[in-house]
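Take a look at the structures listed below.
Presented sequentially are two complexes of subunit A, the first with subunit B as partner and the second with subunit C.
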Partner chain A sequence: MFRNLKFRAPVATIIAIASGIIMLFTYIFPLGGLRAFILDIVVIGAAAALLIGVANLTGVHLDKLRKGEKPVNSAALLIALGITFVVTLLQGYTNLYPASLPGSQWILTNIQMPVESTLMGILAITLTYAAARLITQRPNIFSVLFVLTLLVTLIGNTQFGLETGLGQTVRNFVSHGLASAGARGILIGVALGTIATGLRVLMGIDRPYGG
Partner chain B sequence: MNLTNLVVIAAFAGLMVGFYFLNLRREGRRLRDIPSYYRLRGSVEVAVEDGTRIHVAIGRGDILSPHGAAALVGLSMLQEIAMVASESDHPPLATAGDGLLGILAQDTLRASYNALNLSASYEQSLGRVTGLTPFSYGAGVMPLIFDEAVSTNLLIGSFGTEAALITSAGERGQSRTLAGTDNIPGQAILYAAAHEPLIGEEMYAGGAYLGEKPMHVASLHAQDTIRWIAIGLIVLFALGGLVQGLL
Partner chain C sequence: MSSDFNQDSENDIPDWLRGMEDGNDDAEFGSGDLFPSDSSDQEDVPEWLAGIRSTESNDEPTFMDEEVPDKDTDEWLESIRDKHQAETENLKKPRTDADDNDDYLEKIRKLKETEDSEGDDDDEEDPGWGSVGSDEEPQDEIAAAWASNTGELDSTDDDEEDLPDWLSGLPSLDPVKDSPVRRQEPAENEDENDEWLQTIRQQNRGADEGLSGEKEEETPAEEEDDSELPHVSPLSDPPPDTGSLPTWLENLQTAGLVLPEDLRDEDEEIDEGFVESFDYRDEDVSSLLSEADDLPDWIGEDVEESEEEEEEEPDIQRLPPSIPQETESFTESEFEEDDGEDVEIEKAELPTWLQAMRPVEAVTSAADLGDEDDETTHREQEKVGPLSGLSDVLPAEPHVVHFGSQATPTPSFTLSDVQKRYSKLLLSMVEGETKSPPAEKRSVALPQQILRWVIAVVLVLVVVFVLWFRVDLFGMPAAGIPPENAAVINTVNTLTPGQRVLVAFEYQPALSGEMESVSAAIINHLLSKQVELVLFSSQPTGPGLAEAFLQQEYLVSDYLRNHQYVNLGYLSGGSAALLNFANDPRRAMPLQDASGANRWDQAPLSGISTLKDFAMVLVITDDPDMARSWVEQVQPILDPSSDGGGTPLVMAVSAQAEPLVYPYYLTSPRQVTGYVSGLSGGAFYESQNGVRIVANQYWNAYNVGLLLTVLIIALGVVFNLARQTFVNTGREKA
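After this line comes the complex of A and B, so read on.
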């Protein structure tokens, strides 16, 4: 029944453009608490979307479980998701969930953080490999500069670098000088791209809402 | 009243409209070459012919923050790719690390299917939320690249360090990765880890290179004009400061 419940394209477009223009005007003209009021509504919508996201994740893995595609992984995910959801939900009711039992903070500290630290370790190896591969895959002056800067920065942060003063030089010249200047240049480009994207949405050229 | 904001936005919009009409009279798009986009077009065509899948990762940029613009670009490119590749045996797959972006990805795909009269073929699972934290998102995307016969990964959105996990999975799955992010550390990582990295504002040019819509091209010309004005002002103020210091 709900499958066919959808906004017609022009209606969605009009709502999106009107909301965007109103929000833009709240940043330019003093319109009282209108911006906060609209943002409050949107934040509630975003929270609902978070739940829909969890439902989507659950649906995908239930489907995988049903089809027998890597069922162990999907089952582990669904069990972990279910336990975390129930524990976090019940924690709000002290009469239902004793404080002596491990709660969501325990899950975060003892399960999620070690797993994410492990992924961070994998990331370090992955990045080292990627940097080493860069010279062979894209042999140009920028790749050489990238790898050289990486090596100088790494050596500058070792005991040797700190004792010889290389670390200080690297921090002053590379990190605070070259890197921050480059980052500002990139950020100007990103800011202009952000404005252009916003204006295209406001003009109805880009309609990332199925309109 | 913040008049500076109004002037900048009005000037930008005016330039976009001006370049739109100017470009209608001129022949050619007059855009600089970004080879990554030409290779992406090639990869999309090959994927359609080979019966392999294109994976579009929109990242986890909060749509309520400035990072949302990067996600909007990702959605725009998802739409362009879906319009070309949705009829293939393995239609494009979108992943997001945010509930709202997941809904928008599904909506974008559904709209593309409707436009192609393929509504019956659309599946909700083509737009997925794989995780809601940076690493859980990356970890959720990794197996998907192996399991779904992905030949091309397009990472367009807001990504941090987790992007390296996705590109490494692409590398092991022997799929090509084109990637851009609005995050500075993320860009450094993608420069080393992606096959085709997009630096700075290159990511925002995707619509103009893939879709060739006149207003996308006009917005790029407006961006270039404002950038040169900004460069001129920076140099002018720097010289002004220098002269003032010398006097």
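After this line comes the complex of A and C, so read on.
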């Protein structure tokens, strides 16, 4: 109905710019109540976006199931999603869902955490194998330097490294020296990028909301 | 508007012109005057013109004769009138009813005079669009239009062979050569001009003064001549000249009363054309002549036919009401045929000065079509407003006020085969860039697969063996505790029993093993201090992870059994939600117990209005960005100071997030009071506190696994380097 009116872009831009300016002023002027009001809207909107994301994920896998694109995986996801959603929804009502039955906490502790931890274990093995074959794939000085740094850092985090002083040296030079220097550069870049992005959004140049 | 002299033929020449031709073929038509003033001028009159007069004197009265205030003429004209009135009252042809002619002609004159005066008023009150015609550019267009019209007249030179001999002998229609002399001659004989000619001149002046007054002001010389000479339509510049035509005929043509194809031989035809020129599509005149008693039958028929044509052809161009009506009639050149049959009246053409005032889009559309004379350009119908359905009206909604983007014109190309082939090639290249190539199944060689499985089995078996059998190969780290860990320990040691500590669980289940080993010592330390724990998370899985963490057997103590901690749950919104929660946690996360009472008013949350009211804030996270969000959004509200005031912000982070958190620890005052990173940090913390829980259990397996990993990587690098060297050596040898 409102497709032809084309007010989406100007209205969204106006809301974004006004909200940004108001939030900026709340740091200068005593407008804490107004800032809290806007942040409440943000929180509610984020929660709604989460539900929309779940609905979108469900729709995508229903579509895959209908098209026959890896239907087993989509079916497993949809079944797990449905069970978890129903269990989490009903466990608050003791008359509908007995407390003796496993709830969402059981699902998290006994299914989700072991599965994801196992994936991290597989990742550790894969990275080990990749590091061992790194020289074969890319035989250059940077690969050798990377592998040497990796080996020294790993050894420095062991008890052997801590007792021999290698760990402290590596920690001071690599973690707190090179890595922190790089991290500070990243933080400064992020800060400048945030300022620039904020100004562009306030001026309406960037419209990441699709206006 | 062109008079088709070139179509003239000898057969169509009227009798009075035949007399001219017979009498004097070689006479200089252009140098004479039809109405010499006195006998002295008779010498200048060509003989053929004299023949005309003698012939006309014997004929029945004509329209011109009716208007001449000559006594002799009035007498014989009166006799004819009486004769015709006596014969019949329903005389069909108005040429025999002189009284009627006088009546309606008189009405027309009055009407024109009235319109002239109105036209002058309208010109004074011209809203502006009419003034466009006075611009230079429209003047140029008018001149060009006139030039085109006169060009058609000039084109008769090319068709001289088709013309009769007497007409072919006429001088050229070049306005430069003949116009000045020819215009002054009738001025000398102006007193002898007939009244009807004066009427026409007045009409021409009335029409032209309002339209080209500015132009006349710019040319005072012409204005002087205008007072003396028969008025030449100022619509054209240079002044139109019909060449060898007599002045009165020139005025007619200039004013738009263009002669028909053949010069008419009878006076009634001229009369008829004169009336028609004023009556043609003239609504006011039609309404004036609508009374049947006052209107001759033949005019009545014309009026009815004109109305029918207007109804049948809604695209007939109409002038705005502010334009004098006779200006439209000036553009007409079509008369009815002599045979009495009513031919279809052709549609009016916009005068050039009015064409110059057309909207820009009308000209543009006409130019786009490539033919201004195309009827489609004049048949654009109005689609909105009260004029909807009418054609050729000023648009109610000009294009400039139309909203929205105009439709992109689609160019039409004629592509050759080569161009088509190239376009297809380009299209395939572009489509190839957008398509993601399907993931190809890489076949891994059997030795590599075996190597993968060997690495995995060795690592798993060794780590599991150490964990399962609690092999103590390495002792706990005792010396060399990092200062950031020591800062956390000191901060927790400052807490007193009953103080409230906010613990944020901001990590994913995948890294729960590492994060539990890092934070277990801190939580255990906090519980030993008997503080009140308030759990919070901005991750959806955070509250569940917190519950799972606190339910671990190594943390279950008498304190947790006797004191219920508070889990605030999940707060959506990311960093913005963190800011809101830091400013007003009661508003951000309202809590109610089973009875509906506000949990924030109950212990241990009573008295808390901001995060600054907590004794310490502990953030357990594996994400550097999440750690940064807490530092940026929450830490300023905690207001820690270098002297230990405010609420300290402590972190338990994974080893991968340490480099990004460390800069916040180095600031002064510290944005992060202290942090514990990685399993080694947890091990340091446990050993410092003298407890052996999670980190201590994993410490041996962790060390064994790291050393084994280093060994595998080192062996792999050496093997591959040797293999690469061997291959290169073999190639060199080969």
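Here is the rule we use: the second predicted complex is superposed on the first by the 177 of 211 C-alpha atoms of A that agree within 3 Å, B and C clash if a C-alpha of one lies under 4 Å from a C-alpha of the other, contacts with A are read in each partner's own complex, and residues count from 1 in each chain.
Assume a residue touches a chain if its C-beta (ideal position, glycine included) is under 8 Å from a C-beta of that chain, and two chains touch if they have at least 3 such contacts.
Note that the structure is predicted; figures quoted are calculated from it, not measured.
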item	value
Touching partner for A:R171 - first (subunit B), second (subunit C), both, neither	second
Touching partner for A:L134 - first (subunit B), second (subunit C), both, neither	both
Which of subunit B and subunit C A:I14 touches, first, second, both or neither	neither
Partner chain in contact with A:E116 - subunit B first, subunit C second, else both or neither	both
Touching partner for A:L199 - first (subunit B), second (subunit C), both, neither	first
First (subunit B), second (subunit C), both or neither touched by A:L50	both
Contacts of A:E69 with subunit B and subunit C, given as first, second, both or neither	first
Touching partner for A:L39 - first (subunit B), second (subunit C), both, neither	both
First (subunit B), second (subunit C), both or neither touched by A:L187	both
Shared subunit A contacts, counted only where both subunit B and subunit C touch the same residue	39, 42-43, 45-46, 50, 112, 116, 119-120, 122, 129, 131, 134, 183, 186-187, 190
Contact set on subunit B toward subunit A in their complex	1-3, 5-6, 8-9, 12-13, 16, 63-64, 66, 69-70, 72-73, 75-76, 79, 96, 98-100, 102-104, 107-108, 110-111, 124-125, 127-133, 135, 138-140, 143, 147, 161-162, 164-165, 167-168, 182, 184, 187, 189, 191-193, 195, 199-201, 203-205, 207, 213, 215-216, 219-220, 222-223, 226-227, 230
Contact set on subunit A toward subunit B in their complex	9, 24, 27-30, 39, 42-43, 45-46, 49-54, 56-57, 59-60, 63, 69-70, 73, 112, 115-116, 119-120, 122-123, 126-127, 129-131, 134, 137, 146, 183, 185-190, 192-201, 203, 205-211
Footprint of subunit C on subunit A - complex, ascending	6, 32, 35-36, 39-40, 42-43, 45-47, 50, 104-105, 108-109, 112-113, 116-117, 119-122, 124-125, 128-129, 131-136, 139, 147, 150-151, 154-155, 157-160, 162, 167-168, 171, 175-176, 179-180, 182-184, 186-187, 190
Subunit A contact footprint on subunit C (complex, rising order)	404, 451-452, 455-456, 459-460, 474-475, 477, 480, 482, 508-513, 540-541, 544-545, 547-548, 571-574, 576-577, 579-580, 583-584, 587-588, 624, 628, 655, 658-660, 662-663, 666, 678, 680, 699, 703, 706-707, 709-710, 712-717, 719-721, 723-724
